[in-house]
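Shared between the two complexes below is chain A, which pairs with chain B and chain C, respectively.
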Partner chain A sequence: MMSTDVALQQAESLLAGLGKGTAKPEPNRLDVVIEASDLIAATTALRGARWGYLATLTGVDLGKEANQIEALYHLCEGDAIVTLRVRVPRAGGAVPSVYALHPNAMFFERELMEMFGVTVTGLSDTSHFFLPDGWPDGTYPLLKDTDVQAAAKQVKGSEPPEPGRQGDRFIVPVGPQHPALKEPGHFEFAVDGELVTGATVRLGYVHRGIERACEQQNYTQNLYLTERVCGICSHSHANAYVNGVEKLAGVQATPRAQAIRQLVACLERIHSHYLWLGVAAYEAGFETLLMYSWRDREIVMDVLEQMTGNRVNYSASVLGGVKFDVTSAHAQAIRHGMDKIEERTRHYLHVVTSDTSFLSRARGIGVTSKEEADAMGLLGPTLRAAGVTRDVRVDAPYGSYKQFPVKAVVDSAGDLAARFKVRMEEALESVRVIRTILDGLPEGDLTVKMPRKIPAGETISRFEAPRGELFYYIKSNGTDKPERVKIRTPSICNWIFVLKKAVGAQMADVPPLLAGIDPCFSCNDRTIVINRPRHGRQVLTWEELRRQAITHTRR
Partner chain B sequence: MRALINLLFFPGGLFLIVLALAYEYADRKVIARFESRIGPRWFQTLADIVKLLVKEEITPATAHPILFGVLPVVALSGALTAALYVPLLGFRPALSFPGDLVVTLYLLSLLTMSIGIAGWNSTSRFTMMGATRALTQLFSYEAPFMLALLGPAVVAESWQISEIVATNRGAWILLTQPFGFVVALIGLMGKLEMPPFDAPKAKTEIVAGALTEYSGRGLGLFHLGKEIELVVGLTLIAALYMGGIANPIEFFGKTLFLLMILCCLHAVLTRLRIDQTVGLWWRYGAVVVLAQWLVLIAWKGIVA
Partner chain C sequence: MSVQADSIWSEALEKIKTWARVNSPWILHYNSGSCNGCDIEIVATITPRYDLERFGIKLQGSPRHADVLICTGPVTLQSRDRLKRIYEQMPDPKFVVAVGSCATSGGVFQGCYSVVGHIDEVIPVNAYIPGCPPRPEAIIDGVVKLLTSLLPAKAKK
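The block that comes next holds the complex of A and B.
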C-alpha cells in the first residue's frame, strides 16, 4: 500500500495532459477537471496503472444559471481519492460509458441517466434501474427544479411483461416477492435444466428518494433520515453522514464520543454478520444454523437496547458527538455479552470450516480470483474473501480507528465458504476491538457545539459498514440544508458479482451466491407510490400515511 | 361389514390419520427443539389439516382442471391403500396376498408420481422445476430403496409381508443386513422429500416446488398423503428389519426411534443439490445395496 501522497502524485502524473485544471480540496483528495471526450482516456490511464477502483459516479445539478450538470467520477486507492469532474450541459448532455473498464459503472450510469437526464453513450441497457418503468419521460428527479410529487402522480401503471419463455430460453423469476428474498428485488435467471445461462437484476422497489429528501431538510433532520437508509447498518449510515458534516463544519468530536461511535459500530458489525450467517445458511437449506445464529444475535441486540434504548435505529451519533454515555453498568453488560458471543462465534467458525454437509454446498461456489474481484470493483467481505486487503478502517482510518486499530480479515480462497469464514473472523475481531475500547475509553465530554449553518464546500466520507465501504458525498452551500448528498452503498457495487457468477452455476447455488454478498436492497434503493394493479397507482400523502399508521396500530 | 371397518376406522381411515398426525407432531416438535425453537402445540397438525381443507382452492387457468383436482386424491388413496398391507403398530395387516410387498412399494411411489404430474400440470415455472427435480430424485433413490426392502424378503423366500415376518420369527435383520437398513431408512427420507433431500421443494429456489400452485384441499390431501406414507414407511422398515411384529407399544417405540434418527439427520444436514442427491444414490446407495445382495445370493446359493 503506497502512501496517500505518493498515490496522489502518481494519479496526477497519469492524468497529466488530460486535466483542464487540478485542485486539492483536502489532503487526501485530488480533483481533476476534464472534458467528457477525455473521460475514457483518463479512466484508461488510471486503470492501466491499476490505480484504484471506481467508488461511484455522483451527479450534481449546478442550477439553472450555470445550466450545467457535473458528473463526478470518484476513484479510490487506499486513503487517496481522485475525482474526475466532467461538466455537461443540462439539456442534451452526454458522457461516454466507462462500463468496459469498470463493470459496476453500469448501475451508476443508468442512475445518472434516469436521475439527471445525462445521456451515457455506449451503454447496452438504458432502461430504468431505480425509477418505475412508467416514470414520465423527460422528468429527472434529482434536477433542482423538478417537482417530484407532481411527477410521481403521472407515473403510468405499466404491467411488467410476463417473463415466460424468451425464444427457447426458460426464465425463472426470483422476486420481487420470493421466499429467498427478505427484501424486494427482481432477478431473472435463464436456465437450461438446472444450469443458469443468464441473469439480470432490476431494483428500485423500495426506492424512497432519500437523496432528494436530504436536499430539502436541514442537517440535523438528515441525520435521522440517513440512519433510516438501512435497517441493519443504521449506525454506519448515520456515522458516515456525521463524519462528513463534521469535516465540512471543521468540528471534531471528542475522543470519548468517537470511541463510543466505534464501539456501537463494532456491535453493529457483529449483529449484522450474525444475521447474514443465518440468512445465507438458510438459502443453502441449513435451517438449524439460521435458528441458532439468530438466537445468539439477540445477545448483541439486547446489549444495544440496554445501551441506547433501541434495537434497530439506535440514534447513537448526533452532529458533534454522541447521544449517550457508556456507564460502568453498560460496560459490564457488553463484556458479559462479548464473552458469550466470542464462544458462539468460535463455534460457528468451526461449523463453517469443518462441517462436511455444509461445505459440500459452500466450497467452490462462486470462486473469484483476486484480480477478478479487483476488476469488478467489489467491496467489503465479498472482496476480502477473494484475497484483496481493502478495508476503509485500515486504509483510511476515521474517527477513533487510529487509536483502536482494526486488523483486516482476508482469505484467499475466494469461494462462498471463504465469505462465511471472513465474516465470522470479522465478528471475532470486533469482539477484540470492543474489549480494547472498553479498556481504554478516553474521558471527556460527549458533544461539542455544532454550527447550524455549514460553510460552503464539499467532502467525501467513507465508512466501512458490515457489508463494505459506504461512500457519502456531501456538498454544502452555506445554508442549513445540504446542496447535494450522494449515498453509495456497498451492495450496489457487488451486484455485478452475482450477475457474473450466477451464469454457469447451478440453480440451487444461486440463492446462496446471491446471499453471499449480503445484499441490502433498501440500502441501495432509497415509496410513496403504491402500485395496485387493478386500482391504478395511488400516491399517499404524509397525512394519509400518518393516519393509516394510527388506525393500523389502534387496538 | 368387516371390510368397511377396515377401511374407515382400523387400520385404514380414521386411525391411520390420527397416527399420521401424531407422527408429524413428534417430527415437528423434535426438530423445533433441536433448532432451539418451541415447536407446535399438540393439536397444531390437526388444525393445519382442517384449515387447509376449509380453504378455497384456486385452480390455475392453464392447468387441466380435472387432473388438477384428481391428483391429490390419487396420492392420498395410494398411501391409504398401502397402509392396508403393512402391520400398523404391530397388528396383523388388514389385507394380505402373495406379492403384497411389491404392490406396497409401488403404491408408495404413487405419491411422488402424482406430485410430479401435478407440477407438470400446473404449468408454472416453479412447479415445472419442482416436478423435474421430484422425478429425477425418484429415479435415483427408487431402485436402491426397493432393493433394500427386498433384502429381508430374499432371506424369507417370500414376497408376502406377513409371511416374511412370520418366517424371520423376530430376527433383527438389521444386524445381518446393516447396509440395507441404512439405505431403506435414508431412502424413506428421499421419498418423503425430507431435508436434506428437499431440493424438489426448496423454498429459497423454487418457492414450494411442484405443489406451488396448490392451495386448500389439494394441498391438504397431498400433505396428509405424505404423513401417512411416513407411517407406512416406518412401519415397513421396523417390521422387516427390526424384529417383525411385536406388541403395539414395543412396535410403536421402534418406529419412534426410527423417526428420531430421521429428525437428527434433518436437523444437522444442509440441503443437497439435485446432482449431489443423484450422485449419492447411484455412487453409494446403489453400490452398497448391490454388494449386500451379492453376499445374500452367495449365502443362499453356496452356504445354505
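The block that comes next holds the complex of A and C.
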C-alpha cells in the first residue's frame, strides 16, 4: 500500500485540470472543488487508476443566504481521503449518478434526493429510501428550514401492498415481522421453484431521524444519541463520534484513556462476533451453536458489566476521555475471561472449518471474488473474507492503535464459510490485543478538559466497527451544537452484496446469505433497493430444474 | 340443576385455561424502531444462562399463535401500521410487554421526526420493563409478574 502523501499526490495529479480549487484541511485529506458536469470525469479518473473506494456521499445545506447545497463525495485509499465538493443550487439542483462506477452510490444518491431535494440524473429507482411511505412530497428533512414535525403529522398509512402472485412468478414476502429477523425489514423474493430470480428490500422500519436530531442537541447530548444508533456496536459509534469532536476541538485524550477505549472496542468485537456466530448458524439450521455461542458470550458481557456497569450501551467514552478506569481487579477478571474465550473460539474455529453438515450449508454460498468485492465497495469481514486487506485499524490507525497494532485477518475463499472463519480469527486477534493492552496500559489521567463550544470546522472520523468501517462526517459552526453530523454505517454498503448474490441462489440459502454480512438494520436505517435479475428472468424446464437440484445437492 | 352444572363446568374450564395460559405462554417479538440493544437482551434471555424457556415460554414466529407480544423501541412512522396489524392478528386474550426505555417513554428518540412515540400510544400495553436496555433478569421478572397477575387472586402469595 502506498503512503498517504503519495496517494494524495497521485489523486491530485489524476484530478488535475478538473478541479476549480484544492485545499488540504487535514494532513490526510484533499478537498477538490468541482462542477457537477465534471463529476463523472473525476470519478472515472480515480476509479480508472484504481484509486480508493467511495466511502459515502454527504449532503450539507449551506443555508438560505448562500442558497446552495454542497454534495461531498468521500473517497478513501488507506489513510488518504479525497473529498469531491460539488455545489448545486438549493432549488432544482442536479448531479449525475456515479452508480455505474460505484454500485453502493445508489444508496447514498437516493438519500441525497429525499433528504435534500437534489435531483440525481441517471438513477433508475427514485422512490423513498429512508423516509416512510406517504412522506409529503417536496419536504426534505435535512434542509435547515424544513418543519419536519409538521411533515411527520401528515404521514398516514405505511403498509407495503401484498405481493402474492404476479402472473407465473411467485413472490415470497419476508418481514417486517419474521422469525428469522430480529429486526424489521421487508423483503420480496421472486422465485421460480426453489430458485430466486429477483430480490427487493424495503427497510426504513427503524428510521428515527438521528442525523437531524444531532443538529438540535449539544455535543454532550449527541454522544448518548449516537451511542444508541446501534445497541450492538454502541461503543464504536460513540468512539467514532468522540474521535471526530476531539479532532475538531484540538483536544487529545490521554494515552490511558485511548488504550481503555481500544480495550472496550476489542471486547465489543468479541461479543458482536459471538452474537453473529450464533445468529448466522441459527439461520443455517444449527440451533445448538446458537445456544453454545450465546452461553460463552456471557463471559464477555460479565467482563463489560463489571467494568462499565452496563451490559449494553456501556457509555465508556466521554468527550475528552473515558468514564471509568481499569483497576487491577478488572484486569484480572478480563484475563481470566479471555483465557476461556480463547479456548472456546479455537473450538468454534474448528467447528466452522471442519464440521461436515455445517460446511455443506456454508461452503460455496455467496462466493465473491476479490475484484467483485472491491468494485461493490464492500466493507468489514465480508470484504476481508474475499481476500481484500482493508481495515481502518491497520490502514489508518486512530487512537492507541499505533501503540497496540492489530493484524488484519484475511481469507481468500470469499464464501460464507470464509466469513465464519474470518470473524472467529478476528475474535482470537482481539483476545491477543486485549492481553497486550493490559500488559502495557499507560499511566495517566482519564479525562482532559473539553470546551463546551467547538471551533468551526469539519472533520472525518473513521472507525473499524465489528461489521466494517464506520464513517462519521462532523461539521461544526463555533457553537455548542454541530452544524451537520453524517453517519455512514458498514451494513449499508454490504446490502448491495446480498441483493446481487440472492438472485440465482436457492431460496433456502437466502437466510444464511443475508445473515452472512451481519446486517444491522438499526445501524444502516432503512433502504429500498430493487435488483432485477441480470439476464432477465431465467426460465428453466422441468428437466433442467431437476438436473440443477441434483448437482446442487451433490456438492 | 342444569344451570348450576353449567357454571361448575365453565368454572373448571376457566381454571384449566388459566393454568394452560400461565404455564405455556407463546411469545412474539417485534422491534418497531429499537437500537437492537433490547433485542439482543431478549435473545439472551432464551439462551442457556437465563433460560426463559423454563417457564414454558416459547419464542415463536406467527402473531396468530402468540399470547404475548414483546415490543422494543420507539414506534417509527414506517412501523406504526405494521405494529397495529400484528396486534390485531393475535387471538384474544393477548398481552403486550413494552421492553426498554424507548418502548415505555420514547427514550432518547423523543422528538425525532420519524418517531411517533412510545408503544402505548399505538397499542395497549400490560407490562412495562424499564432500562436501557433492561437486564435479562429484569425482562424475566417482568414476564413472570405479568403471568402471576393472570392467576386468580387466591393463588397469589
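The rule we apply is simple: the second predicted complex is superposed on the first by the 521 of 555 C-alpha atoms of A that agree within 3 Å, B and C clash if a C-alpha of one lies under 4 Å from a C-alpha of the other, contacts with A are read in each partner's own complex, and residues count from 1 in each chain.
Everything below uses one rule, namely that a contact is a pair of C-beta atoms (placed from the backbone, for glycine too) under 8 Å apart; a residue touches a chain by one contact, two chains touch by 3 or more.
No experiment lies behind these values; they were computed from the predicted model shown.
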**Prompt:** If you stack the two complexes on chain A, which partner ends up touching A:R90: first (chain B), second (chain C), both, or neither?
**Reply:** neither
**Request:** Considering only the touch criterion stated at the top, classify A:P173 as touching first (chain B), second (chain C), both, or neither.
**Result:** first
**Request:** Pick one for A:A284: touches chain B only (first), chain C only (second), both, or neither.
**Result:** first
**Prompt:** Per the overlay, which chain contacts more chain A residues, chain B or chain C?
**Reply:** C
**Prompt:** After lining up the shared chain so the two structures overlap, which partner does A:R110 touch, if you call chain B first and chain C second: first, second, both or neither?
**Reply:** neither
**Request:** Would you sort A:R390 into first (chain B), second (chain C), both or neither based on which partner it touches?
**Result:** neither
**Prompt:** What is the contact status of A:R295 with respect to chain B (first) and chain C (second): first, second, both, or neither?
**Reply:** both
**Message:** Output check: A:H330 vs chain B and chain C. Expected answer is one of first, second, both, neither. What do you get?
**Reply:** neither
**Message:** Looking at A:R344, would you say it contacts chain B, chain C, both, or neither? Reply first, second, both or neither.
**Reply:** neither
**Item:** Overlap of chain C and chain B interfaces on chain A (superposed complexes)
**Value:** 178-179, 291, 295
**Request:** Flag every residue of chain C that touches chain A in the complex, lowest number first.
**Result:** 28-41, 43-44, 47-49, 60-63, 73-74, 76-82, 85-86, 107-109, 111-115, 132-133, 135
**Asked** In the complex formed with chain A, which residues of chain B make contact?
**Response** 34-37, 125-126, 129, 132, 195-196, 198-199, 202-207, 267-276
**Message:** Using the touch definition from the top, list the residues of chain A that touch chain B in their complex.
**Reply:** 164, 170-173, 178-180, 191, 193-194, 281-288, 291-292, 295, 355, 357-358, 360-361, 506-511
**Message:** For the complex, give me every residue of chain A touching chain C.
**Reply:** 131-133, 135, 141, 148-149, 151-152, 155, 157-159, 176-179, 182-184, 204-210, 212-213, 216, 224-225, 228-232, 234, 275, 278-279, 290-291, 294-295, 297-298, 301, 311-313, 520-523, 526
